[in-house]
Each structure stands twice: as C-alpha cells, then as structure tokens.
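Right, I'll just put the structure down here and ask away after.
Chain naming follows the written order as A, B, C, D and E, and within any one chain the residues start at number 1.
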Amino acid sequence: MDVLSIVGLFLALIAILLGAVLKGAGLHALVSAAAFMIVVVGTIAAICVQTPMGVMRRAMSMFPWVIRPPNHEPRKLIKKLIDWSYIARRQGLLGLEDMIQFEPDPFLRKGLQLVVDGSEPDTIRSTLEFDLLAREAADTRAAKVFEGMGVYSPTLGIIGAVLGLMAVMQNLDDPSKLGHGIAAAFTATVYGIGMANLFFLPVANKLKVAVQARTHLDEMQLEGLIGIAQGENPRIIEGKLLGFLH
Amino acid sequence: MDVLSIVGLFLALIAILLGAVLKGAGLHALVSAAAFMIVVVGTIAAICVQTPMGVMRRAMSMFPWVIRPPNHEPRKLIKKLIDWSYIARRQGLLGLEDMIQFEPDPFLRKGLQLVVDGSEPDTIRSTLEFDLLAREAADTRAAKVFEGMGVYSPTLGIIGAVLGLMAVMQNLDDPSKLGHGIAAAFTATVYGIGMANLFFLPVANKLKVAVQARTHLDEMQLEGLIGIAQGENPRIIEGKLLGFLH
Amino acid sequence: MDVLSIVGLFLALIAILLGAVLKGAGLHALVSAAAFMIVVVGTIAAICVQTPMGVMRRAMSMFPWVIRPPNHEPRKLIKKLIDWSYIARRQGLLGLEDMIQFEPDPFLRKGLQLVVDGSEPDTIRSTLEFDLLAREAADTRAAKVFEGMGVYSPTLGIIGAVLGLMAVMQNLDDPSKLGHGIAAAFTATVYGIGMANLFFLPVANKLKVAVQARTHLDEMQLEGLIGIAQGENPRIIEGKLLGFLH
Amino acid sequence: MDVLSIVGLFLALIAILLGAVLKGAGLHALVSAAAFMIVVVGTIAAICVQTPMGVMRRAMSMFPWVIRPPNHEPRKLIKKLIDWSYIARRQGLLGLEDMIQFEPDPFLRKGLQLVVDGSEPDTIRSTLEFDLLAREAADTRAAKVFEGMGVYSPTLGIIGAVLGLMAVMQNLDDPSKLGHGIAAAFTATVYGIGMANLFFLPVANKLKVAVQARTHLDEMQLEGLIGIAQGENPRIIEGKLLGFLH
Amino acid sequence: MDVLSIVGLFLALIAILLGAVLKGAGLHALVSAAAFMIVVVGTIAAICVQTPMGVMRRAMSMFPWVIRPPNHEPRKLIKKLIDWSYIARRQGLLGLEDMIQFEPDPFLRKGLQLVVDGSEPDTIRSTLEFDLLAREAADTRAAKVFEGMGVYSPTLGIIGAVLGLMAVMQNLDDPSKLGHGIAAAFTATVYGIGMANLFFLPVANKLKVAVQARTHLDEMQLEGLIGIAQGENPRIIEGKLLGFLH
C-alpha cells in the first residue's frame, strides 16, 4: 500500500479547504451546483466522447493502483528465473515442464511454455514482445483517460467562470450582488484547476509510472527466459537481470 | 455502436446549457450571430487554409467512426488465420487460392494473394508494411483535421471576446449598456473553448485511437500471414496472435 | 490549384471583418499604425533574427504551394516505373539508358542513372536516401519559418496591448478617453492572434503536409527503382507501389 | 562544487526581494500563511499523489547534485581504460583480474568482471546496456519529481489568487479593504510562479543534464571495455574515447 | 556575415520603441529599475541555477554565431573529398598521408588519419560518429541556454507585473497614483515577453539551426571518408555527397 499517495490526497484536501478559510473566502464559497454541472459533468462528457468503452473500463479497473500499486518483487522474480536456469542446465528444458501449471503470472507461464516446447529464442522473443507491447499500449491508453480529464477540467473551469461573469454583467445595475456574483463565478475555476492539478494529472502520472515499471519487469523476465532457452550460464543471466534493478 | 460517445455528446450539451441557466446567465446569452461568425466561420476558414482537399474529404468520411467505430472482431480474425494455416499445412499454400476471392478486406486479400504466389516472407512483410503505414499516415492526417479545429477555435474565441470588449469600450459613456456588452463579448469565448473541449478535441482523440486500433489489427494479420508463408506451427502462430489481444 | 485554401483565406477575412462589424467594434477599430508597427514589424524582426538567409529564401519560394501545391500524379508515376521494369526485364538495365535524358525530375533521373550504371541496390538506396532526407530537412526548416511567425505574432500582440494599456493608464484622469484607449490597445491582440491562427499557422501546416507528401512520393520512387535494379517481377513491384496510395 | 548554481539561487532571492521593494509592494506583502498553505502544501500534495515512495527517496538523494554535481573526470577515466587495454594486450584479459577488486565504480567493476570472464563482446554490451538504461530511466524519473513540482506550483498559485479574489469580492461593500485584499490575493501567484521558475524547473533541468552526462560517461566506459574485450589497438580505443569529450 | 539577423535585431528595437511612442505610452515608460531587477536579474538567476559552468561558457562562445555563423562551404568540401578519393585510387590510401597535417578541421583530420591507418570502414564510422554525436549534444545543450532564458523571462515578467499591481493596490486610496502605478507594473511584462520573443528565442533557434547544419556537414564528410576507405568510385562518392546539398 502506497502511503505517500494517501497522504498526498489528504494534504490536497487540506490545502484547498484550509487555504480557502485562511484567504477569507470561506468553505461555503466552494459549494456550487452550477460549477459542479459545468466542470464535473462537462469533464465526464468530454472524456466519454473521447474514450471507447473498453478503454474506459480498463481505466476504472486500473484506478486502485494509485493506492495499492501492483505488488512486484523483482528480487524474488530473479531468484525464480535463476532457479529455473539451474534446473534447465541439469535436467534439460523439459525439466521445467512441471513449473508451468504452478506459475500464476500469465506472461511468465506463456513464456515458460514456449521455452519448454523448445522454441527458437527469436520466436520466444517476438511472441512475448507482441504480448508485452500490446499490454503496455492498452495500459497507457487507459492511464491517458485520467490525463484527458486533467486537460479538459481546467478549460471547463474557464467556461464556468465566463458564464458566471456573463450572469453578473447582465445585472450590473444591482451593485450589491456584484461581488458575490463574481466570487461565485470563480468557483468553477477553482474546481477545474484544483481537480486537474491535485487529482487527475497526478493520478495519470502515477499510473503511467506503474505501467512503465510493469513493462520494465516484463522485459527483465523476457531476457531471463531467453537466457534459459539459450542455455546460458546462470551467473551470466543473473548479472544481466540484476542490471534491471535500479 | 458506441453508446459512451453518444452519452458524452448529450452530457456535454446538458453541462453547458444547464450550467448557463444555473449560473444565471440564461440560454439566450449563448445565442450570438457575431460569435458564430468569428468562431465557427473563422475555425472553418483556418482549417480550410491548412488542409488539402483530399485530406478534408477523408476526415469527413471518418467522422461517423465516433458513433459507430469500424467493427473489428479480432478473435474471429485470429480464428480465420489459424484455419488458413491448417489448410496451408495440409494442402500447401495453393490450397488457400480459393479463399482470396471470398475475402472482403482488401489488406488481407492482398496479403493472401502474396502468400499464395509463394512470395518470400520478407517481400510479404515489406509490401504489406508500405500499405499499412501509408494508410495509417493518411488516417492520422485526417484525424488531425479535427485536432486543428480544436486548436484554432479557442484562439478565435479570444479574438471574438476582444472585438466585443473593443465595441463596449467605445461606448463607455453609456454605462447601462456596459454590462450586457461585456456579457455578449464573452459569448465567443464560451463558443470557442466549448466547441474545442467538448467536441473537436475529444472527437480527434477518439478517431486517433480508432486509427491505432486498426493499425494494431493489421499488424496482427501481417504476422499471421507471415507465419503461414513460413509454414509455422499453427499453435505457435495462435500464441503470437493472441498476444495482440489486451 | 487548391480551391479550399483560397476559400479559407477569403472566409478568414470575412470572419474577422464581418465579426468586428456584428460585435459593434466597427472596421475602423482594426486600423492602427501602432499595432502594425509592433505586431507586423516585430514578427518580421523576430523571424529575421532566427532565420539564416538561405532558409528565408526557400520559405518565400515555397509559399505559393499553399494555393498551387506541387502537382504530383502518383498513378502516372507508378505506371512509368512499371513500364521501366518491363523494359529492364526484356532489354536489361542498359535498355533504360535512353530514358534518363527525357526524365524531368532530378531525383528520378539521378536514381535511374544509378540503376543504369548497374550500382548495387544498397548503394542506390543510400545515395537516394541522403538526397531525400536532406531535401525533406531543408523543406521542413523552410516551412517552420511560417510556424515561427505564428508563434511570435500572438506574443507581440500581447506586448502591443500592454503598451496600449500603459498609455491609457497614464491618462486615467481623463475618463472620456479611457474607453477608446482600451479599445485601441486591444487592436494589437486581434492582429497578433488573427494573423497567427488565420494565416501563419495554417500556412505552415499546409506546407508541412506538402513536404511530407513529396517525401512519401520520393520513397515510392526509391522502392520502384530498387525493385527494377533487383530485377524483381513487375507485378510484385506494382503491388508494393500501389500500397503507397491511400 | 558548482559556484554558478549557488550564485543563481542567491541572485533569485535578491531579484524577488529587491524587486518587491523597488516596485513598492514591500517585503511584508510576500508573507502569507494562506498562500503558503495553498501553494507549498498543495504542490507537495500533488507530487505525493503522483510519485511512488522509491522515486521520491531517489529524488531527495539526488538533490545535492545541484550544488555539488557527481565529480567525474573523463580524462582520468580514459587513461585508466587505455592502461587496462595495454595490460590486456601484454598479459591477456586475465591480467586485468587484480584490477576488479580495486575498482570503486560498480558499473566499471561489473564490466571488467565480464571482460575478465572472457564474455562475448555482444554479451558485455547487452548486459551493461540493461544496467545503463535502467539507471538512466530511474534517475530521469527522480529528476522529473522537481519538474512536476514546477508544473503544479504555478497552477496552485492561480487557485490561491482566485480564492483570494473570491474573499475580496464577498466584501465588496467595504472598499477600504479592497486594495489590500487584492494585493494579498496575488501573493499566491508570486509564490507559485516564483518557486517554479526560480527553483523547481531550473533544479529539474540541472539534474537532467547531470543524468545525461553520467549516461554519456557510462557509454564511453562501455565502448572502452568492448574495445579491450575485442583486443583492439589501444590507439584506436583512445581515438574513439576522446571523441566522447566535447 | 548574416545581414538578416542584424536587420532583425535592429527592427526589433524599432518595433518596440516606435510602437511605444505610437501607442502613446512613451519611451520613458520602458525605463524601470524594478522591472530590470526582477526580469533581467531573475532570468540570469534561473539560468545560472540550471546550467553547469562548462555549458554556460560554451553558450557564451557560441553567441557570435548569430551574426557571423561558422563559415562552411560545402561545395569546396566536396571538391576536396573527391580530390582525395582520386589520390587514394591512384596512389593508395597512404598517398593521403601528407594531407593530414595541412587539414585545419580537427574532425576531418581525425577521420583522414583513420583512413590512412587503413582502419576498417566500420571502425571509422563508429569512431567519427561518437565524435559527431558528442559535439552535437554539447552544442545543442549550449544553444538551449538561450532557450531557457526565453522560457524564464516571460514568467518573471508576470511576477514583476503582479508585484507592481500589489504595490498599486496597497495605495488604492490615492487614485491619482493609480494609473501610473498600473502602467509601471506592466513594464516588467513588456521586458519579459519582449526579451524572450525578440531576442532569446530567435537567438536559440538560430543557433540550433547552425548546430544542425554543422552536423549535416560532418555527416557528409563522414560518408566521403567511408567512400574513400572503401575505395569507391569517385563519381559514386560525388553523387552521394551532392545529395547532401539542398
């Protein structure tokens, strides 16, 4: 569980709420149905037009990664691959056959099957690379859903502010309402910029880092499997794989 | 049919219209011939200067993809390619000759013809890749027409607002008109930012994703055809092609 | 001749002029020597500092492409290349020698000379690719002159507006001039944003597309010449070259 | 120690403080708990949401590089590698075995071990490249923590200003407070833009240059080790390595 | 000497000064110690934090290229390389030995030495490419110093304007000073945007083009040297090298 992100979301809330109080605007100034309608509904509208259903579902299922990123333990993985390479050296590639059914990760299972089948290293590499690149592209596309929301929400905040100022200007003859009207107009700006910079964009960036980390790990496993299939010295394989850790 | 995009376009309309009412600006504030002339006509002008006729036509013909994206069923495609690979294994590549005339997709038909002609895998790959890359480049160029409109319309909205403010300022001596004048000046901003962020940019992004999805599928078919031409084991081919699904 | 771009430039003029009238600012508000001095002269100044003389000349000579893009007929080109490949098959590569002097395009003439000289396909490819890439880089650099003007003119428009506002503020005690002063200050903004978004940026983008189209065509010719030099089957060559059309 | 960066940070402080005094705003105008809460706490919040714990730690440990960049002496390194190549020529690769334990840099030690083990040049290259690329990616990710803070802080400055203006507008009936309220509202903008442009972004850019410099040096060492493993002429190796110095 | 850039810098000065007079702000409005302190000193501060000493020195020494770009005559260079290739054909590679000491350009001298030493074409290519890429990277990094100043100066201009407005707002009760105060506040904006768009950014872009031109030329020389080392026909070499001229 990633404490930093929870602390961050909590701090973000405090920064805005306490900031509004300290600035003297008050918390009530942040409540506005009109701003909600324009910024929140508008952002959802824009992202729905933009995103195919499948990508939207994937984005939703990836969201919990912000708090609980996929738990990878690269050192355990390297140990497993080195163990396999010793087995392959002693008992031949067929000695790995029993491992396939116990391997939970589908990527590694697919790769191990290819190794046990005695596929050419080039075939293993190209087959697993299609897999890896297709998954990375799909995950990145999903992470970009949050990025898109972070791009649309500030501009919708500007629309909200402009519509609010237009309302104020039409009643310029009643100066007593002027100040409150202008204040209310700006609420949409706070919604739009705040949501984008304290939620959508940081979330999108965190998900992108998680996607890259997973790709990096898959590349490490791919190199390990190729090394096993080529019958490379386990020590050489270990040296290569340790290079992935930084 | 992609329900999400229709819902999105509908929500976008509601967000702006209901938002305008809730903010107190009213719907009538959104009607302006001058704003239409500057933002809508101006955006069309800019994109016409920028776009060659052929690209413009392609963009128009791609627009319906937003609601009804090209219907691809990758699993059916994989099944077809695997069936072909079994036929090729049993009857030789010439056994696929009868399939060519029944294949509706021109890309796949061209590739199958090359396979049946006994072309070298390298020739098949380079020939189909020229095809694939040229189509992707042309489609992307067409999708960028909408992106261009999304870039020009907000800046034209600013021109509209500035021209409106200039008109107001010339009549500063009549304060009763001041408020309405400023309100009217902002209408162009709402048009420009709204059209860009609730229509043009989401549409452009959706089309780009569709173009990428088609390229991804074409790459999968290319790999399948190469596998058949090389007489690879159908199981290996299937493993590769399934890697494209994510 | 590209009607779309002429229509676009015409529409752009209408959008601004009619828009200014409809907004109530009037056409006279768009005439300002100060705005011209700051925005137009300033943009020219910035681009002159930035651009070497040779690139500037090339940019000027490319400008007419906006209205009259270089006229390429890819299908005629493919036909010519296929004809050559049949001649080469029947009479040998030397049979193409007479074609060289009648070929108007220098790129194709250079390539044909290499083919007739019996150069290795790799030599032909690398020689023509240097040519193609150097031309593309030089053309792109020239197209970016207009992009640069589109980047500088809006910021100079802001300088103009700020200078205008500074003039107004110094005479704040005479409110009768206030409005007209502010209106005049904004003229520079309209100049800057208008020129950038209705002229410079669309022109730059159109030229870039034309440069890419020419590169794409040169790549097609390069593949055709390589195919001829390798004595490939004319049908295969045709299949490859047709893939470039989309 | 990099004097330039210390001078820069000192000048930045002077520019803002002396500038505030010269402009007539005074130093006290720069002190605001509300602005601190929104901009500083908000920026920290956003970056915490975005950054996994490991990356955050790495970023903190890289920060001192701004003042005291990692001290590399490329000419000494080249000399060492050339000495090794002479030893390898005279005594064979095993003659380098004693050097391994005295080599402090883990990258060079790992590479030297591979050379002494008699690994294939391709194995040495791929093993060290995994190492180099993984380290560069991790370092760049850490440097981007500061870039992220430089992106978030100005937008949070805008939120602070808007909240301040909202507070002012609610008390529009008390004009005596109006001016001070607006002035206080802008403090957040100064915080946000100032921190981004005088601290976060320059720091991020400096760290990125340091990361590239280290990668460049690692690439030089990699080439040197490959040259030794291939038994290349020390003079040729020296010529190659000197090419890295510019 | 590049007349265009001198004319450009001269026009830039006229555009701002004459523009200020025509707008009615007057030249005296452009003189401000506070704006100078914030924008000029602040920009220098930011770039000093960001830039290592070595890169800063290189940037300063590259600055005169704006007026007097490094004088390359590609046609003379091609002639020299072709002459060398004829000598190499007639007298063997050793016939070029006497040329080395008279060659002023270090890149060409290093390459010629490699050719005369009878190095493999691959060794020549990789050795010279390290050289070329390292020089290009260092030059580009130096050119980016000016780009960085062009990015920081407008944002510091905004800080200056905000500090100025804060000063004005604190004295809102004295309306006679209001106008002049606001006008003075904007001076920093003119400084920031003007310096960036009329000096720093155009200079940075000009230097980048010069760096690319030099790299392009070095690549041409590299191809020529490789051709000589491979004993290629001088006519073929000339055809290749002429392709670099566009």
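Following the convention adopted for this analysis, contacts are C-beta pairs under 8 Å (C-beta built on N, C-alpha and C of every residue); 3 or more make two chains touch, one makes a residue touch a chain.
What you see is a predicted model, and the numbers here were worked out from it, not measured in a lab.
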Number of steps on the shortest touching-chain route linking subunit B and subunit D: 2
Message: Keeping to the contact definition above, tell me which chains border both subunit B and subunit E.
response: C
Query: Do subunit D and subunit E face each other with the same patch, meaning over half of the contact numbers show up on both, or with different patches?
result: different
Cα-centroid distance, subunit A relative to subunit E, in whole angstrom: 38
Query: How many Å are there between the centre of subunit B and the centre of subunit C, using C-alpha atoms for each centre?
result: 24
Task: Please categorise the chain-chain contact pattern as a line, ring, star, complete graph or other.
output: ring
- request: Starting from subunit A and stepping next to subunit B, give every chain of the ring in the order they occur.
  value: A, B, C, E, D
Complex contacts: residues of subunit B adjacent to subunit A: 2-5, 7-12, 14-16, 18-20, 22-26, 29, 66, 69, 154, 175-176, 178-180, 182-183, 186-187, 189-190, 193-194, 196-199, 201-203, 205-206, 209-210, 212, 216, 223, 236, 239-240, 243-246
Complex contacts: residues of subunit C adjacent to subunit E: 33-34, 37-38, 41-42, 44-53, 55-56, 110, 113-114, 119, 123, 126-128, 130-131, 134-135, 137-139, 141, 148, 152, 155-156, 158-160, 162-173, 181, 184-185
